[in-house]
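Quick one: the structure is below, questions incoming.
Each chain carries a letter (A, B, C and D) given by its place in the written order, and its residues are counted from 1.
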Amino acid sequence: MAGFDKVVSSYEEAMAGLEDNMTIVSGGFGLCGIAENLIAEIKRKGTKGLTMVSNNCGVDDFGLGVLLPNRQIKKIVASYVGENAEFERQMMSGELEVELTPQGTLAEKMRAGGAGIPAFFTATGYGTPVAEGKEEREFNGRHYILEEAIIGDFAIVKAWKADRYGNLVFRKTARNFNPLAATAGKITVVEVEEIVEPGELDPDQIHTPGIYVNRLIQGTFEKRIEQRTVRSSAE
Amino acid sequence: MAGFDKVVSSYEEAMAGLEDNMTIVSGGFGLCGIAENLIAEIKRKGTKGLTMVSNNCGVDDFGLGVLLPNRQIKKIVASYVGENAEFERQMMSGELEVELTPQGTLAEKMRAGGAGIPAFFTATGYGTPVAEGKEEREFNGRHYILEEAIIGDFAIVKAWKADRYGNLVFRKTARNFNPLAATAGKITVVEVEEIVEPGELDPDQIHTPGIYVNRLIQGTFEKRIEQRTVRSSAE
Amino acid sequence: MALTREQLAQRVAQELQDGYYVNLGIGIPTLVANYVPKGMEVMLQSENGLLGMGQFPTEEEIDADLINAGKQTVTMATGASVFDSAESFAMIRGGHVDLTVLGAFEVDVNGNIASYMIPGKLIKGMGGAMDLVAGADNIIVTMTHASKHGVSKLLPHCTLPLTGKGCIKKVLTDLAFIEIKDGEFHLLERAPGVSVEEIVQLTAGKLVIPQHVPEMIL
Amino acid sequence: MALTREQLAQRVAQELQDGYYVNLGIGIPTLVANYVPKGMEVMLQSENGLLGMGQFPTEEEIDADLINAGKQTVTMATGASVFDSAESFAMIRGGHVDLTVLGAFEVDVNGNIASYMIPGKLIKGMGGAMDLVAGADNIIVTMTHASKHGVSKLLPHCTLPLTGKGCIKKVLTDLAFIEIKDGEFHLLERAPGVSVEEIVQLTAGKLVIPQHVPEMIL
């Protein structure tokens, strides 16, 4: 099984080769479905000058936010940010470059990167600040802009289950950007809650085929909730 | 449940509204995963001048091939054809227009149609007859051509299981183009082997969400095999 | 009297149809879910990757892996499906969602909408809003008709950076229900007790007023 | 002596590495699967939507819903996954497949390949071949060195309509293993018992011959 066994035994090994000024594509939506321990390892390594491609940038003490205090992130490509104070400070002071990208365009850019599509047209952002400097074109009377694909030196992904070959299954809305990020990394690193043997996952029910996965590690997760919202049991 | 119940009770109802000269996007690969009974209904209706978008065109007496004897198909967009004699005759005589499209480009055109992407760049076909009349562009030193999306007036799809809301699950390689075709029809009609109640399918394991499905019908299928290949049990 | 947030949601809910797939933005739009007419079913799309969003969970049901686009914990309705973000926006961008309801800072007579950015203030980002306004045929913008200082939000031209261009056809404010067509606002309904004159006064863009402007029925 | 089909497959198999994801075209390439070196594992991609293609089924195992890109009934290997055609070609186009092996009518010194269409003859279509040659970095073309009439298939310029432009770097023929670079064919190996002269004679495009041309070891 050596050839396809993607399991590594330490987080150090999982993120080996990550260097200053690289681009990392990250899964996760807010704090949901984020690669908690891979992020912690990036913090521990102290890698600097990173370009992070991620829908959000975490909160002050969790998610990608933990990479801010030591100024590890040079630039972030995201759709929604500013949910933490240090981020705000660095953005306002110009220490942190922020490239706002519509959420669907961001998802499609990752998918395109993984799928060998260098660029695509979308109506999203036409006539807005997002369109600045981008080609505009009409198809069937509607206006579109040209958006380019994103590929990362690394992709960091959180899945629910995997087999040792790196076939992945995600759970509920923790799926979000993860399957897309998984396709868009030159080196794709995945952490999961459970690793099973090849053959244990139903081939029809695999969300991400192992061909996209380079390294796999089992972790334990805090799974912090950003907006805890409940109804009373009586309702 | 009326609002989301997509189940119709007859094939006539399933294909109601199909008119001459419409475009139909079809799932299936060869004879695998084809909407056998929807095709039969199109034959019965006798609709003419159709543009079929499908990876293949069936064989003489099965699959889309059954629409050939009565000249129901005006044009076919496919990646691989000529597996039946009548097709060959009509193509050679010019009665049938054939637009050959690389298989991956065809799949991506359907996906793009469903996803609101009017056009995308791909390296596939650059420098070949497929590139004729298409825009060429370089990204990062590689050459690409611009391909446009496909949307059909109808899409015909074969799935394995569905719930009444039209959430679909496919089985093995009968999946192929079906989930893509499902997104690319103005009216998407799906036939399945089994219909279950909403809630019976695991939300994490639905291949095609019901939002893409307009009509759903349960059928029985011959599932003809094109290349029956076996090994002896002893091997 | 100007509509309350709840009344705005109530009026929007009248635009629902049985079997609609609906995306509700954060804030007032979210409240629409509480007013789905009896006997009607709609399915809520949450752009982080869920079709068939259910109610908030009980304490026992809370699941960190199940949130909505506002990052709130939610549940799934019967017949729900989960998918990745590219699929979610394929759905949105491809025009498969029947109705989108979202808030705005400004709209103008050409159907432009500004909703995500006030220069000089902290920028949080557009999230999925640009995709939603570009992808949907059927959008209702809900907002107050004017600022607290009486400055109209229905303009000849949006002054803030746009979220989308030429994509808004219906606006429900606390004072009026308005259609945008041919480069004009068309007054369809007024809030109960609100006069046409009040609406005229607080509408900066060209407003077309029919002979009879019915009061909303809530 | 010229390599047999089986020997061609055997030589290609030497290019495999443990853990390779491989796409094998119809014909000779398919035979490569029979010569995977012992102790090595490769996973076969079938472009209709299967990663981890297994052997042919027994009569009892036959499943009409499980076929390969040649429309043959197959089985799944342990750890296989199934996906739709867009995902399958995302994999191929995105360069995720480690090795692609396919046949051709002609290749030329610029790495062009013609493999799907002979004008005047019945056109069947390119299937997934154009995607495969455009998407893979690592492609081996297998074919006979020349036609039965002795007409070279390794040309200065392809004469038939192209399947892909500038994408082929390695060609294995029944006579030789050849690398394409800098607009030239480079002779790497000759089939056992085949002389360099024979190869030169049947190669129409510019051929660079090193001092020593080893025989293939099969």
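Everything below uses one rule, namely that a contact is a pair of C-beta atoms (placed from the backbone, for glycine too) under 8 Å apart; a residue touches a chain by one contact, two chains touch by 3 or more.
These numbers come from a predicted model, not from an experiment.
Trainee: With chain centres set to the mean of the C-alpha atoms, which chain is at the far end from subunit A?
Mentor: For subunit A, the chain whose C-alpha mean is farthest off is D.
Trainee: Between B-C and A-C, which chain pair is linked by the larger number of C-beta contacts?
Mentor: Higher contact count goes to A-C.
Trainee: Nearest whole angstrom, what separates the Cα centre of subunit A from the Cα centre of subunit D?
Mentor: From the centre of subunit A to the centre of subunit D is 35 Å.
Trainee: Can you work out the whole-Å distance between the CA centroids of subunit A and subunit C?
Mentor: 29
Trainee: Hey, how far is the Cα centre of subunit A from the one of subunit B, in Å?
Mentor: Chain centres of subunit A and subunit B, defined by C-alpha means, are spaced 32 Å apart.
Trainee: Could you say which residues in subunit A touch two or more other chains, in rising order?
Mentor: 108, 111, 115-117, 122-123, 170-172, 175, 203-204
Trainee: For subunit D, write out the residues touching at least two other chains, lowest number first.
Mentor: Subunit D, residues with two or more chain partners: 76, 82-83, 86, 89, 92-93, 135.
Trainee: Go ahead and list every pair of chains that touch.
Mentor: Result of the pairwise touch check is A-B, A-C, A-D, B-C, B-D.
Trainee: Could you list, by residue number, the parts of subunit B that touch subunit C in their complex?
Mentor: Against subunit C, subunit B makes touches at 1-4, 111, 113-117, 163-165, 167, 183, 198-199, 203-204, 206, 209-212.
Trainee: For subunit A, which residues count as touching subunit C in their complex?
Mentor: 29-33, 55, 78-83, 88, 91-92, 98, 100, 102-108, 110-111, 122-130, 143, 160, 170-180, 207, 223-233, 235
Trainee: Once bound in the complex, which stretches of subunit D touch subunit B?
Mentor: 46-50, 55-60, 62-68, 70-74, 76, 82-86, 88-89, 92-93, 112, 117, 122-131, 134-135, 161-166
Trainee: Touching subunit B in the complex: which residues of subunit C?
Mentor: 17-21, 40-43, 45, 51-52, 76, 78-83, 86-87, 89-97, 135
Trainee: What residues of subunit B sit close enough to touch subunit A in their complex?
Mentor: Contacts found on subunit B: 108, 112, 115-123, 139-140, 142, 144, 148, 169-172, 175, 203-205.
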